[in-house]
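I've put the structures underneath this note.
Note that subunit A is present in both complexes that follow, paired respectively with subunit B and with subunit C.
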Partner chain A sequence: MGFRNRSYKRAEVITAYCFLFCAIVLALLFIVIPIGRAFTYGFTDYYLLKPDDKAFIGLDNFYRIATDEVFLKSFLNTLQFVVLVVPLQLGMALGLAMIVSKKVIGNAFFRTAYFSPAVLSLVVISILWTVMLNPTSGLINEILTGLGLPAQPFLTSTTQAMPTIVFISAWSGCGYQMMIFLAGLTNIDKSLYEAADIDGAGSFKKFVHITLPGLKPITMFLVITTTIQAFKLIVQPMVMTGGGPDYSTMTMLQYIYEYGYRHRNIGYASAITLVFTIFLIAVSMVIKRLFKEEKA
Partner chain B sequence: MKKILVVLGCIIFILQATGCSSAGSGKNGNNKIVVWTQAAADHPEGKMFASRVERYNEANPDKLQVEIQNITRAGAGSGYIDKLNAAITANDMPDIFTLDGPDVAAYVDAGVIGELDSYMSNGFKEGFTDSIIQQGTVDGKFYAMGYSDSAVAVMYNEDMIKALPADIQAKVPAADEDWTWEQFVALARDIDTYAKSSSDAAFADYKLAVSTLLSDIASGSYETGTYYFTPLLWGNDSNIVAEDGLTVDGVLNGEKSLQALTSYAQLFAGDPLASASEPEKAFHTGKAPLAVAGFWYVNELKDNYPNLKYRTVRYPKMSEGYSGSYTPSGSWTFVKSGKITDEEKSKQVVEVMEWLTNDQAAEEYYAANGAIPSRKNAISVINTNTDNAYYNEAWTVMQYQVEKTNKARPVSVGYPYLSETFAKDVLLKIAQNQAADSETIQKYLDDTVKKLDMEFAKYKK
Partner chain C sequence: MKRVKKALFYLLAIALALQFLIPLVWMILSSFKIDDTIYKDLGTIFAVVPHFPDLTLKSYQELLGYYNIFQNLFNSLIYASITVLAGLIINSIAGYSLARFHFPFKNVVMLFIIALMIVPIEAIILPLFLVVHDMGLINTMAGYLLPFFVNVMNIFLFRQNFMSYPGELIEASKVDGLGEFGSFCRIVVPSSVPMYVTVGILTFLASWNDFLWPVMAISNSGLMPIQVALNAIFSDTYNIFTSHMMAALTMVTIPIVLLFVVFQKYIIDGVVRSGIK
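The block that comes next holds the complex of A and B.
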């Protein structure tokens, strides 16, 4: 309330508007204009090499989406990735955070080790794993066969490729979330655990009734950010599988990129972008609503 | 006030950073000639272009000076092509730029590259090899000067072949003999059977019979697959697209294509002889005794694997009776911007392109990079009399193919999509699903034709 009554100096007002202007320019350049352009291009036959020769084609691109099997496959792949990676990555992050929160020898080393994949480039990680997962000469299959287990096709199998990418993505991303969970764990009042000890509660009960509720706000934040991040999957499949085998790892973003740049069909790529953007807005609204209910 | 200036500075910086840099015809005016190449500045190819350009500028101080800009490509050329396409969209093209041969038709159709016939010196075009002329010609007009040609042959590991029983060894042809794909697959099958039951030291690292680089398709370099294996269709008197560059129904899914691709699929039938996820450098490191090998293998093996004893034989023909050209060819080319309106500048641009692709340049490129000359008069520069017999044999085979059997990839406005779809939805799918029966392959072809027809509809309007 005090803000309303407070009078600002002219210089402060100008500075505030300048910062606001900066944010608006960025939003216009990178969000509003591109979405607006995608909206208009989605109704045209815009071919990248003929930018001056666009013709309005009505809903043709959208009819094509409705019959495009690869679009549907890419969309389902993306959903599958999100559904699998979010719980796995957060579960791994929480588990690691609980491990490194214990005061044991070598704790600092393990924290760094678990966090290190988060600072590596996704391209580097993808290349490393591609080499390790090579079915005929990769390290992982060498280990499996050394243990008397059958070699696996991993990235070359339509059924194993996506789960493999999910695992690698969760592994590479969980270190960052581990650090956030770790901060959350240190904020939980220690007296709650002491009281639970006096009441004779076991480790599992303490985890369910103290740790998890204590981490709820952080978990909600991580669910939202990880979900949004997961929908943007492109690097790992692009580097590791090229979207294959048989489109089993093709994601929406990669499909949009391929149509827009490799196939130069900006009109169709824009239409797909538009459909996917609307879907993402809907998902964001649902998450926001859930978050609000949670706060209430 | 200071804060305001900082904020304004930030905005100006952002606007500049998001804007397009000047490079090409749109802003060059008549002050200089800008050349874009996908070759990195520190790559032998980049260095040789820079050297040619430097000498041109020195020899022609009174003319427009040439400036070369290296925009390194990533993987299948994406980084370079993305930037080039952005420049085209912004009407900010360089005066001369490089393009992969099969992409030329799409850029001609878009009107972004200019024809060269009316500006070229007399007889210059005829100096290119036939496949380079084919590759650069669209609707009877010449648009692209190839600065190198290419070739693909079959290589085999001599130590591994010598360890085989005599009856299998006898199946390996001589370097100057034609052979068929069926004979090639039969040889690979025999090697594989022997290798899996033998304890011979030559096969200690054996992983698969044939290295095909199909793993390149899986990682996004689709063109490698089309470049390597479309010739199997050519050798059966078929193709992936009709002469018009857009009709695929009845061609790609026609009987002869199906026959050729069913034969290709025998590499993956039963115990697979090749893999879409083969180990890196499988042939170079003795993991595969046979390789479908591009010309770049020759220098790579000489420089980095000097102890590998390899032999080279011709690319297998699909049908023994086929008498036309059928071996892989073509490479990157120089093209001229179609937006140059000044006649004098156009003449000089073509003069620079000739300087970058003439006989002397082709000889220099071969010496610097092992690139196969694209000029008829320069092919003889390939040295097949060194003290390295393996090297000599490889170049002899490739030289023969360039002169006698090389064929350009299809000229199609929809080529990039055509190539990628064929590589991914047919070649790779057959390999990954180990599909070897003609019914399944026919289905793959019909599905691919459906996709291509849908995409090509925009060109047929």
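The block that comes next holds the complex of A and C.
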């Protein structure tokens, strides 16, 4: 089919662009133009309710970001969430996958049970857990005191709110990743384990030298996607705490939502959008680079 | 030794299973109780084990008397269905075009798609809101749905899928008098049904569960999808009965449970495939 590289067939070109038409128009309208808007508005003091009154203010918004304490706090909160949730969630997912990969009686039940939070939406999960974590009349404190442990304030405490959200996110998200790890485990060559058995390797050694290396490509993919996903945390704090108490669960995306949507302060929120988007793209590129270096 | 190991394994596996199931079971059981019973049972085994004389449908009746949950569920169903249908058509023909045809600037279009794949959509949600706002489409179905028809990741997935489709079969169908679009509809699509089902189900779930965009795009309660309505119920009347809230949560979850039961294979397949590629 080499001859086709040189010349285009008119009918084919027309058909090709007809097929692409909707996708290109929609992508331009709803992805490219918004990115452009973030760039143009980020350098203005645009307030949504006074659209004719916007002035170009240069880098003022960006100076303001650099000295904004609540922004810094929301950045650190988000970072704390990412650093805690990624290892916790992936660790839980891998552990669960190891359990359900064993061919034992009850295997199907365990798999279904571990995967079951997947049927709940983030809003449902957030509401359900907020009710269960009620410090005075919640199920969780009732269980804790029943076991002889002290009751906890959970979401109402500035120090416990974020770790609580971390746990709930890992709880609800690890089932999906368990499935991905499980597929990875079944793809590992069984004869490797048999050979290790003959050499007398223990189960810990087998885990470190066969299982983990075999799961490496999948782990890399999961670390990247979970990290990016975690940086975009918003629904759980929005529903459970509204960013409080005392901004202790305010995240970066939520800060954009608060400033841009709730307070209609488009100029400043657009500047934060730019910083946030570029930051996320940079993070995903850095993680990919790290994994590549390790591979080589 | 082996027996002890086995017992420990089961103990751990069961404890973990309980940890995932208790919240779900508590949610469902509490939806069939009145608040007094919920809180009376809290410290007892009946919090998570049904005690049939106590169960009633009262909370559902009362909830449906206060809130028009069915309207919101119906809205979500319509929104998700339209998004699936339009998304499958638009993204798959775009992917097909990129896989099969030879045309000028094809590399530019490909590069454009790959570049957009790394843009986190939620991050640009505010300027997206502004664009839809400027079009005068806030609080309309069009403004809510149009931005999420195109999904560059799905275009890419469809392209990968169609690349492996043998071109001779399409040429043969053209000899039989079918045009490009005809051969796509009659020959290519039927042979890619699993791909369509998988992408369709994942799109449906994403649309059904979405929260941030609908919060921004829709404030009219008649148009609200169910997730936003849930949050409104939860936060608007902070003194809402726990039993009513649990009934609402259960009602939202039932359709998804059915979806998982019917399409389990495709959902797992989609999840796993996205992880392995």
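Here is the rule we use: the second predicted complex is superposed on the first by the 261 of 296 C-alpha atoms of A that agree within 3 Å, B and C clash if a C-alpha of one lies under 4 Å from a C-alpha of the other, contacts with A are read in each partner's own complex, and residues count from 1 in each chain.
Keep in mind that, in the parts below, a contact is a pair of C-beta atoms (placed from the backbone, for glycine too) under 8 Å apart; a residue touches a chain by one contact, two chains touch by 3 or more.
All values reported here derive from a predicted model rather than from experimental measurement.
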First, second, both or neither for A:38, with subunit B first and subunit C second: second
Partner chain in contact with A:106 - subunit B first, subunit C second, else both or neither: second
Touched partner set for A:137, first subunit B, second subunit C, both or neither: both
Which of subunit B and subunit C A:59 touches, first, second, both or neither: neither
Partner chain in contact with A:276 - subunit B first, subunit C second, else both or neither: second
Contacts of A:239 with subunit B and subunit C, given as first, second, both or neither: both
Which superposed partner A:155 touches (first subunit B, second subunit C, both, neither): first
More subunit A residues in contact [subunit B versus subunit C]: C
Subunit B versus subunit C as contact partner of A:221, first or second or both or neither: second
Touched partner set for A:19, first subunit B, second subunit C, both or neither: both
Footprint overlap on subunit A, comparing subunit B with subunit C: 15, 19, 22, 26, 29, 48, 130-131, 137, 238-239, 261
Subunit A-facing residues of subunit B, complex: 1, 3-4, 7-8, 10-11, 14-15, 18, 78, 81-82, 85, 88-89, 91, 106-107, 109-112, 207-208, 217-220, 275-280, 287, 416-417, 420, 424, 428-429, 432-433, 454-455, 458
Residue ranges of subunit C in contact with subunit A within the complex: 9-10, 12-13, 16-17, 19-24, 26-27, 39, 42-43, 47, 90-91, 93-94, 96-98, 101-104, 106, 109, 112-113, 116, 118-133, 146-150, 152, 155, 180-181, 208-209, 211-212, 215-216, 227, 230-231, 234-235, 242, 245-246, 249, 252-253, 256-257, 260, 268, 271-272, 274-276
In the complex with subunit C, residue positions of subunit A that touch it: 4-5, 8-9, 12-13, 15-17, 19-20, 22-24, 26-27, 29-35, 37-38, 41, 48, 96, 99, 102, 104, 106, 109-110, 113-114, 116-124, 127-132, 137, 139, 142, 146, 171, 175-177, 179-180, 183-184, 218, 221-222, 228, 232, 234-235, 238-239, 253, 256-257, 260-261, 266, 269-270, 273, 276-277, 280-281, 284
Subunit B partner contacts - residues on subunit A that touch it in the complex: 11, 14-15, 18-19, 21-22, 25-26, 29, 45, 47-51, 64, 130-131, 134-137, 153, 155-156, 158, 238-242, 244-246, 261-265
